[in-house]
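Listed after this line are the structures, all set down as structure tokens.
In what comes next, subunit A is part of two complexes: it sits with subunit B in the first one and with subunit C in the second one.
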Partner chain A sequence: MISVLKKLVNATGISGREAQVRDLIKEEIAPYVDGVETDAMGNLIAHKKGNGKKLLFAAHTDSIGFFVTFIEKNGAIRVSPVGDIDFLAFSYSEVVSENGVKGVIISEKDGEIPKADSVYIDIGAKSEKQAKSKVRVGDFFVPVPKMTKLLSNEYAGHSFDGKVGCAILIEAIKQIKETKNDLYFVFTAQQEVYSRGARVAAYSVRPDVAVAVDTTDAKDKSSVSDGNAVLGEGVSIKIKTSRMIYSPEVVEKLREISTRHSIKYQCEVANSGTEGDAKALQNGAMGCLVGAISVPCANIHTSSEIIDMKDAEETLKLVLKIAEEYEI
Partner chain B sequence: MKELLKELCSAFGPSGCVDSVRDIIVKNLSELNPTTDPLGAVTVRIANEGAPKLMISAHMDEVGLMATGITSDGCVKFGCVGGIDPLVLSSKRVVSENGVSGAILSKPIHLQSADERKARTEIKDMYIFIGARNKEEAKELVSVGDYFAFDSEYVEFGNGFIKAKALDDRLGCAVMCTLAKNLVKVKDKIPYDLYFSFTDREELGFSGAFAAAERIKPDYAIVIESTAVADICGVAPKSRVAALGKGGAISFADRATIYDRDYMRFVTDILERENIKYQIKQYVSGGNDASHIQRSACGAKVLAISAPSRYIHSPSDVVSYSDVVSIYDAVYAVITNKDLPFEQAKEKI
Partner chain C sequence: MEKTKEILKDLCSAVSVSGHEHASANALAEKYGGYFDNAYVDKFGNCVFVKKSELENAPRLLVDAHFDEVGMLVSSIEEDGFLHISGVGGLDTRIFPAAEVTVYGKKEIYGVIASTPPHLQSEKSSKATPKMDNIIIDTGYTKEELSALVRVGDPVRLKGDFKELANGYVLSRALDDKACVCAALISLMNSDKSKLAYDIYLTVSAQEETGRCGASFVATDIKPDLAVIIDVNFARCENVTEFESIECGGGAGIDISALTNRRFTKAIMKIAEQNGIEYQTICEPDSTGTNNELVMISGTGVRTAVMSIPLMAMHTTSEAVCIKDVESLADILRAIYVTKGL
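Then we have the complex of A and B:
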């Protein structure tokens, strides 16, 4: 799984501009599925046929990033955030455009908390003309892809959020030879902008049960961390987040399967946190059972997200067992 | 098209109360058998069964006010229908759905404290004077829940500019009516199953367009709109959105939608080839019906093209008529382009 995750991290894509990531996934899974298609929103929908219940697994292909909105006379690039961006976390980060132009995000007001209107990207251009030869309004930038191994099984990098889920689903698709249940694997678009893709995908598939596979906010080592999950403590099963109650029968089933197969898991009940694709899947399917399982991720939505690969392995195990055993 | 635009702008039609606007459109397009759905959207179809579905959309509704109460001295308290800057409201003339004229008033300057003079007057401190001497008289004229709209004349001025209320988005409606009537004459040139939807409730969260799109299930959609511009002096170049007179502004992203890039390029390639003026909307701001059309049903590839409008959401929207014409030309060229955007989205292996 680690090698496919590395490939995914190196493929860049923000919400609405997921083509690179989508193409890579398509190439990885094509030999292992009965059908794969891309819909109008950019969701990649893969199918492994079975005669049982229609199960949908979703992971999102998009990451947060920046749209170019304006190029100044002096060659500075103005940007607008895509997704939930904390400009303080990204100031002085190295970034790269969709066409490979490298730059650094600079905060122009010393001592103030940087905001969208007070940062620019310096690509080293000396003039508007030079900048415009490399970058156009509407292009996107993302933090330079990287993935660093820390101690234990921890890794630091950008865009684990989303891509860890994709890596898990790719691996699951490769490992599942035969299936009783009718399985759909959806690699969703535009999750970071209110899950616009998931709704549409669920509308086309109409699953009986949908499970979102993603990362979830984990505690870091500071005393004030407000994450919901703990790194290294296994797959996190969501019970409730701020505006979402996950189907109790799904939660129960996930706990039962985990216990029976000795899969290390933790449960998440939070007043904060977003519902990710789960709610959109439920709405789009005109009402279906939903669950959400996640790999805990510290410093989420920064260029140094941290995950424990052991948690990802446990999540994969759970996905495989849900696909194999889930009955309604 | 200009005469129709004038007639449409003069009609009364805040979100949820667009009957007068709808009547004009239905009458104008009577030979195309317009239908109306439960959320008030008018749709006409130039059918081409089996071809990809293209939905062209503009909204009929304008921003307005709604009466929330009547004071003991016979003035009307109100709330906004859609986003209106309170600064715009003070001392403006308005008219109710039943034709009752009024003017918006707030505390006179000689009674304001020093702090109040510096602060912006809030809507809760404003009221509409309708010429009633007491509560009883006012109740005869206005009930809680009545709509008000700006009372503002359609005026052409200067070098091709138009000032009116509700140019957002009656200009889109005027362009669509004209397109529908002209395109039906060249039906054979259209490679789409073509729908024109005139929606309601755009200013209140796009629900009309969502319902219309769920019905039509388009493969592609083009939303004809107007957009704020911020191209006046004092605004830093980086914060400007678009400029009047430079053609329709095509968005790559706004606060509600990230547009499909391949579809955008398909369109801009046609406009370049046909030499039709357009500009790319720069600042990421605003939002329109495209957002809910994009995520309707199985999803649609969407594009928005907007006339830059100064002082949008005020009694004095100002647009350059040349931009309205450019938008007409642009959408006409896209619809009659003989090649389809690209292979249909679903590529199976």
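Then we have the complex of A and C:
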């Protein structure tokens, strides 16, 4: 799974511009599925036929990033955030544009918390003209892709949020030979901007049960973050996040399956936390049962997100068992 | 009035913390199903009672009241038998310190929310509204004992049993929205099918307090021609303006909002007047704060109206309503059921 994840991390794409990631996934899974297509939103929908219930697994292909809005006389690049961006976390990060132009995010106002209108990207251009020869308004920038191994099984990198889920589903697709259930694997577009992709994908598939596979906020060692999950403690099964109650029936089955197969898991009941694609999947399907399983991720939405690959392995095990055993 | 109180008391005793309505919804369908043509619970925990008109191709009227109540879920089990919790729906945490709670684990477990005695509070801490993250429940168990009985995700309720007050008032937790569930049940339980102008679907819906998805999906499924959403509204009291509240004892409220159908709403007012039923109006221009917002845009769109019962101390354990208002709402609903061409 690590080699797939590395490839995914190196493919860049912000919400609405997921083509590079999508193409990579398509290439990886095409030999292993009965059908795969891209819809109007840019969702990649793969199908493994079965006669049982329709199960949909979703992971998102997009990551947060920056759109170029304006190029200053001095060659500074102004940007607007795509997705939930904390400019403090990204200040002085190295970034790269969709065309490979490198730069650094600079905060203009010393000592203040940087905001969208007080940062710019320095690409080293001496003039507006030079900058415009490399960057156009509407181009996107993302943090320079990286994946660094830390101690234990931990890795640091950008865009694990989304791509870990994709890596897990790719791996699951490769490992499932035959299936009783009718399986749909959806690699969704635009999750970071209100899960617009998941909504229409669920509308076209109309699953009986949908399970979103993603990352979730993990506590870091400083206990500054209000994360809900713990790194290294296994796959996190969401029960309740700030605005969402996950279908109790699904939660119960996920717990039961995990227990029976000794899959290491933790449960998430939290005042904070977002529902990712789960709510959109449920609404898009005009009402289906929905669950969410996640790989705990510290420093989420920064250029150095941290995950424990063991948790990803446990999540993969759970996905495989759900696909195999889930009955409604 | 006594019958109404009896049903309302019964409804309030059901455990229906938002998202965990299924068991109580099944019991409800079982208990009252006999008064209807059909009763079922769907996969989201919505309980649906159906009573059909004898007319051919009668239009479908959906009446929605939500069954879920605000409450808490266990979020973690700590050392020494303490529990951390997460709120479901917007409970008023000002009432939390030292409150008694019940945890619905493998068995019912009683506990108390930890609090600091007034003698030891600073001026600042005594005025602060408790934050959900800082609230802990003391159960008296050890962690090992508690872990065998309680799981993360189990529902928790504050104590707030049903009581009768003077002059036809009653007090309980979860009168939001069980007062309206009661009104809907009594309006339809004993109705004469030969007089019904509509096939009536009474949805006692799940998860209003947490995203309103229950009513949204059940309405998508039923595809009604018309819908009346009934929910509680703010009762007039000190520090609440006339514009944002209705009077307890003044009859059911009829909501006027950009989000409801004007013609249908006006017709309901006329029906109430013709039948001599007391009602009040309340204007909620851009949001009614009810299931209406999602029912109206379910399927290809639904003409809706919103009616309400004035409720005191919303989202606390001491919610109170006047039974007269519950019955006034039921009376208006009965009159709607027999009026053709709405």
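To be clear about the criterion, the second predicted complex is superposed on the first by the 327 of 328 C-alpha atoms of A that agree within 3 Å, B and C clash if a C-alpha of one lies under 4 Å from a C-alpha of the other, contacts with A are read in each partner's own complex, and residues count from 1 in each chain.
Convention: a residue touches a chain if its C-beta (ideal position, glycine included) is under 8 Å from a C-beta of that chain, and two chains touch if they have at least 3 such contacts.
These numbers come from a predicted model, not from an experiment.
Engineer: After the alignment on subunit A, I want to confirm one thing: do subunit B and subunit C clash, or do they fit together?
Structural biologist: fit
Engineer: According to the stated criteria, A:R196 is in contact with first (subunit B), second (subunit C), both, or neither; which is it?
Structural biologist: first
Engineer: Have a look at where A:R243 lands relative to subunit B and subunit C in the superposition and call it first, second, both or neither.
Structural biologist: Only subunit C is touched by A:R243; subunit B is not.
Engineer: So, does A:L88 touch the first partner subunit B, the second partner subunit C, both, or neither?
Structural biologist: A:L88: touches no partner chain.
Engineer: Name the contact category of A:G138: first (subunit B only), second (subunit C only), both, or neither.
Structural biologist: first
Engineer: If we overlay the two complexes on their shared chain A, which of subunit B and subunit C does A:M41 touch? Say first, second, both or neither.
Structural biologist: first
Engineer: If you stack the two complexes on chain A, which partner ends up touching A:N271: first (subunit B), second (subunit C), both, or neither?
Structural biologist: After superposing on A, A:N271 lies in contact with subunit C but is clear of subunit B.
Engineer: Please determine whether it is subunit B or subunit C that touches the greater number of subunit A residues.
Structural biologist: Counting contacted residues of subunit A, the larger count belongs to B.
Engineer: Applying the document's definition of touch, where does A:I113 land relative to subunit B and subunit C: first, second, both, or neither?
Structural biologist: Neither subunit B nor subunit C is touched by A:I113.
Engineer: Looking at the superposed set of three chains, what is the minimum CA distance between subunit B and subunit C in Å?
Structural biologist: For subunit B and subunit C in the superposition, the minimum C-alpha gap reads 7 Å.
Engineer: What part of subunit A is in contact with subunit B in the complex they form?
Structural biologist: 15-17, 30, 35-43, 67, 69-70, 72-73, 78, 80, 82, 117, 137-138, 190, 193, 196-197, 199-200, 203-204
Engineer: Going by the contact rule at the top, pick out the subunit C residues touching subunit A in the complex.
Structural biologist: Per the stated touch rule, the residues are 18-20, 22, 43-45, 73-76, 86-88, 132-133, 151-153, 207, 210-211, 213, 216-217, 220-221.
Engineer: Which stretch or stretches of subunit A touch subunit C in the complex?
Structural biologist: 226, 239-240, 243-245, 247-249, 251, 267, 269-271, 279, 282-283, 286-287, 289
Engineer: Okay, in this complex, where on subunit B does subunit A touch?
Structural biologist: Listed in rising order, the residues of subunit B that touch subunit A are 219, 237-240, 252-253, 258-261, 280, 282-284, 294-301, 345-349.
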